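In structure tokens below, several structures.
In what follows, chain A forms one complex with chain B and a second complex with chain C.
On to the complex of A and B.
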């Protein structure tokens, strides 16, 4: 192929990609940059940290609350995903494996907002969870309590996101060499040891990708905290919505947004560092 | 029964209890929603509604109930979002899979941004910009926001779908004298179609379920089904909220049940390559 021909070919390739890129840049990248600008712009147009100071003053509890909830949810999602995917891969009872495979995915595509509404009724003081606990004699009727606080948010997040991470991890486990697992089992290793020593190290990358994506997604969910726990302390997303809908205060709202971006970036950095060390080991 | 099978009973029982707990964790919340959708009266401390009925369904679907209007708005927005996303994602996916691009990795990464960065700052500021240029509260404004998020999946899946088409089939068509466009239209596109349909369904569902972006950009005139559900729920009307939630659940669960038919393993394995 001549140089001129290569040049037209790649020119055509860029032309095909350009419209899609333009949509992303115009409606995602530029607004994101605008957020950074507005968070630092004083009323006279100069540079200021005033909005950050105000956001920190008013919402530091909520920031800690948000990080705590999202971290706890991420850990629990990881535990659930490893347990279910591990059983799907190593389980010995084919019928139980089939039932679990059919069961775990139901929440996969259920939107956050519907999850919020479902948990709002299920975890309430007179919700089904308490009725079942009382009916089975596990708790006294008087000690029934509403879980519609930070616990409700965590339950909703784990219920919605764990199937997604499980799907990814189970897929990765299914593509492992079955000989490795069989060899270990023939050597007499117990199933838990096979899971932690042989299977998990090979799917760690997939697990981390799923967890980081869930972490970032949960950081910007507005509906679940608003429906389950709208009162202070609450998640940063609720505060942002309040600053905008009630006060039209874009400056502090954007400062809060940047704070959650920093939290997300920390999560992503953690993942990238891990991926890099993995590659250097390989 | 052999001694071996007998000794396995405790294990089987433990397994059954565990599976029962998982089933309750999954279906308990869904059952609670179902009860609320058909409850006429449900006061504390009754375990199940005192009266079942359809009067709230009648209210939701009455001409004044807004649900049908919101459902129509939601579906219209989702259809436009799919059309826009595929219109730009199919050429981009084809180029990323088949043509030489110098910054291919970087471009793929750019399409990942909306999935990897918290969306709230984007929605907040896009609403501000749209307000100034008169796009706030319009269908077009909401479609643009949904499409920029849906493009992630559309481009990645389209690119994987095109990559899974065997290039020798295209070469055969070209050798028999087909023009590049004819070859694309009659060979490449039909073979990539299942993956493209899957990406269309993904984008459709994402748009149908989207809440935060619509909450900021759609006000005050565009009320989608998720917004209607949210308002009913915050207003304390659990029946209306549960019925709308059920309407939103139908496409989600239907897709969960058929997803593997459209997304074949070879396409899934190619995502992100």
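On to the complex of A and C.
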């Protein structure tokens, strides 16, 4: 190709991506920068750290709480996803595999806010879960307790996000060379051994991507903590909504948003590092 | 988050700019508050007004509950003002007190009370004063709502008559009182306001002013007691959450909105046994206001609409009988239009005398902010 041709081609390529790029700049980059600017702007228009100081002073517990909840949920999602996807790949009872395959995707199609609503009645002190446990004689009525605190949020997150990661991981497992698994089985490896030594190392990348995406998604969910546990300590999203709706204080809200952006960025860093290593291998 | 606000305003504008305004006149009503506010205009007020005024179409849009809903209306009007738009596309807005105060202050509203006949029917102080701001002439209260304790009489024989009695009661009955903090809705915020009013030395000043930042120390001091109090209570997830927990028997008492309480009972969502009590020195309540934007496109029609909505007939049948709110105009004009049974239903547990004595306004805007921030600093940390 001559230089002139290359230039036309690249000009065309830019023209093709321009609309998408414009949308991203106008509706994502620009508001993000505005938010960052407002977080540092004092009432008189000067530069200040005052909003961050206030956000840190009032909400450091909530920040730690948020990170804790989201990390714990991510770990549990990983465990559930590996268990389900592993059984789908290595399970020997075709009927059980079919039923599981059909069932596990349901929560994917249920919005977070509906999940919050379901959990609110399911996990309450006199809710359905405790009724079932009491009815089956597993716990005494007096020892029934409400799970509508951090535990409720974790349950809702895992319930909602595990199918998403399972979907990715199960897909990756299905595309593995079946000979690897068969060879290991022929040599007498048990299924659990096959899962951990043969299958998992090969889908590690997909699992990581799924978990990072879940981590970032959960960090930004407002509806679930709002419905299950909006009281202290709660998640940063609730505090952001509260600063705006009750106090119309966009400055501190923006400071809180930037703080959670930093947390999300660590997730993105993992993701990018993985993507880069993939590319260098390819 | 700025982006979300802009998006919400944009969505609102798109909803209002939808076709339908050609030929016939369309009255655009934008209301803050829960879905029941939109239902009230669309299902009750609108059809009646349309029947009386052929060719007129009433369209209601909701902007969401709490002060956030009023904030969205404010942002929209303010944007139109800054863009020098000549005819604003909101004809009637229904807003909270804080919203109304800001809008009057920034000249976003039109004075209209003296132009409508029903303007003479209002008597409460809230028609002139919104959290310390002078809104005289710019607003008419659509209704008044009140926060009170709801309790289960099977578990609580004698409900506490004051905050002092309540403090004793929760120590004897731990985890039986529940409220929703300051982030889960206004019934919890109202309870905290009531607490500070009862236990701080600033008392009346919170409502009447003048505001002094130095009162923060007195407010924080009263909140230390609330931190101790919180060890004996349950935190509920929201206004509806308190009623849910009462209904499931998980708590025996908690602060709720009176209108929500009656509506839930009427719909069978709350046990008919649960009752209300209003302790001294009181809990706050607030009106919602009808306002007309300064450059409303259909201002004359808007005045006619509000005049109709404030008429004793509509206040009696719509506000009191169907939606269980306290009337926005002077009760004496409303009582005459209702059967004694319907009237008494609203005052079964809380007598008009109790309501007059212990129904308080919310604190002034600056005190309000100091109290909720004090709560975060002193109670939550």
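Going forward, the second predicted complex is superposed on the first by the 256 of 282 C-alpha atoms of A that agree within 3 Å, B and C clash if a C-alpha of one lies under 4 Å from a C-alpha of the other, contacts with A are read in each partner's own complex, and residues count from 1 in each chain.
The rule is short, and it goes like this: a contact is a pair of C-beta atoms (placed from the backbone, for glycine too) under 8 Å apart; a residue touches a chain by one contact, two chains touch by 3 or more.
A quick note: this is a predicted structure, and the numbers were derived from the prediction, not measured.
Asks: Pick one for A:222: touches chain B only (first), chain C only (second), both, or neither.
Replies: Touch partner of A:222: chain B, not chain C.
Asks: Would you sort A:202 into first (chain B), second (chain C), both or neither based on which partner it touches?
Replies: After superposition on chain A, A:202 lies in contact with neither partner.
Asks: Thinking of the overlay built on chain A, is A:58 touched by chain B (first), by chain C (second), by both, or by neither?
Replies: second
Asks: For A:111, select first, second, both or neither according to whether it touches chain B, chain C, the two together, or no partner.
Replies: A:111: touches chain B, not chain C.
Asks: Examine A:244 and indicate which partner it touches, taking first as chain B and second as chain C; both and neither are also allowed.
Replies: In the superposition, A:244 touches chain B and chain C alike.
Asks: Contact-wise, after the overlay, does A:132 reach chain B, chain C, both or neither (first, second, both, neither)?
Replies: First partner only, chain B.
Asks: Check the residue A:48 against both partner chains and state whether it touches chain B (first), chain C (second), both, or neither.
Replies: Once the two structures are laid over each other on A, A:48 reaches no partner at all.
Asks: Of the two partners chain B and chain C, which one touches more residues belonging to chain A?
Replies: Partner touching more chain A residues in the overlay: B.
Asks: Applying the document's definition of touch, where does A:254 land relative to chain B and chain C: first, second, both, or neither?
Replies: Both: A:254 reaches chain B and chain C.
Asks: Using the superposition described at the top, list the residues of chain A that contact chain B and also contact chain C.
Replies: 27, 31, 34-35, 38, 120, 125-127, 226-227, 240, 244, 250, 253-254, 257
Asks: Which residues of chain A touch chain B in their complex?
Replies: So the residues of chain A in touch with chain B come to 6, 9-10, 12-14, 16-17, 19-21, 23-29, 31-32, 34-35, 38, 93, 96, 99-100, 103-114, 116-122, 125-129, 131-132, 135, 141, 159, 171, 175, 213, 216, 219-223, 226-227, 237, 240-241, 244, 250, 253-254, 257-258, 260-261, 264, 268.
Asks: Which part of chain C faces chain A closely enough to touch in the complex?
Replies: Going through chain C, the ones touching chain A are 1-3, 5-6, 66-68, 71, 180-184, 189, 235, 237-238, 241, 244-245, 248-250, 369, 372-373, 376-377, 379-381.
Asks: Show me the residue ranges of chain B that touch chain A in the complex, using the header's touch definition.
Replies: Listed in rising order, the residues are 12, 15, 19, 22-33, 35-36, 44-45, 47, 84, 87-89, 91-92, 94-96, 99-102, 107, 110-111, 113-129, 144-145, 147-149, 151, 155, 205, 209-212, 215-216, 226, 229-230, 233-234, 238, 241-242, 245, 248-249, 252-253, 255-256, 259, 268-269.
Asks: Spell out the residues on chain A that touch chain C in their complex, using ranges where they run on.
Replies: So the residues of chain A touching chain C come out as 27, 31, 34-35, 38, 57-58, 61, 120, 124-127, 146, 148, 226-234, 238-240, 242, 244-248, 250, 253-254, 257.
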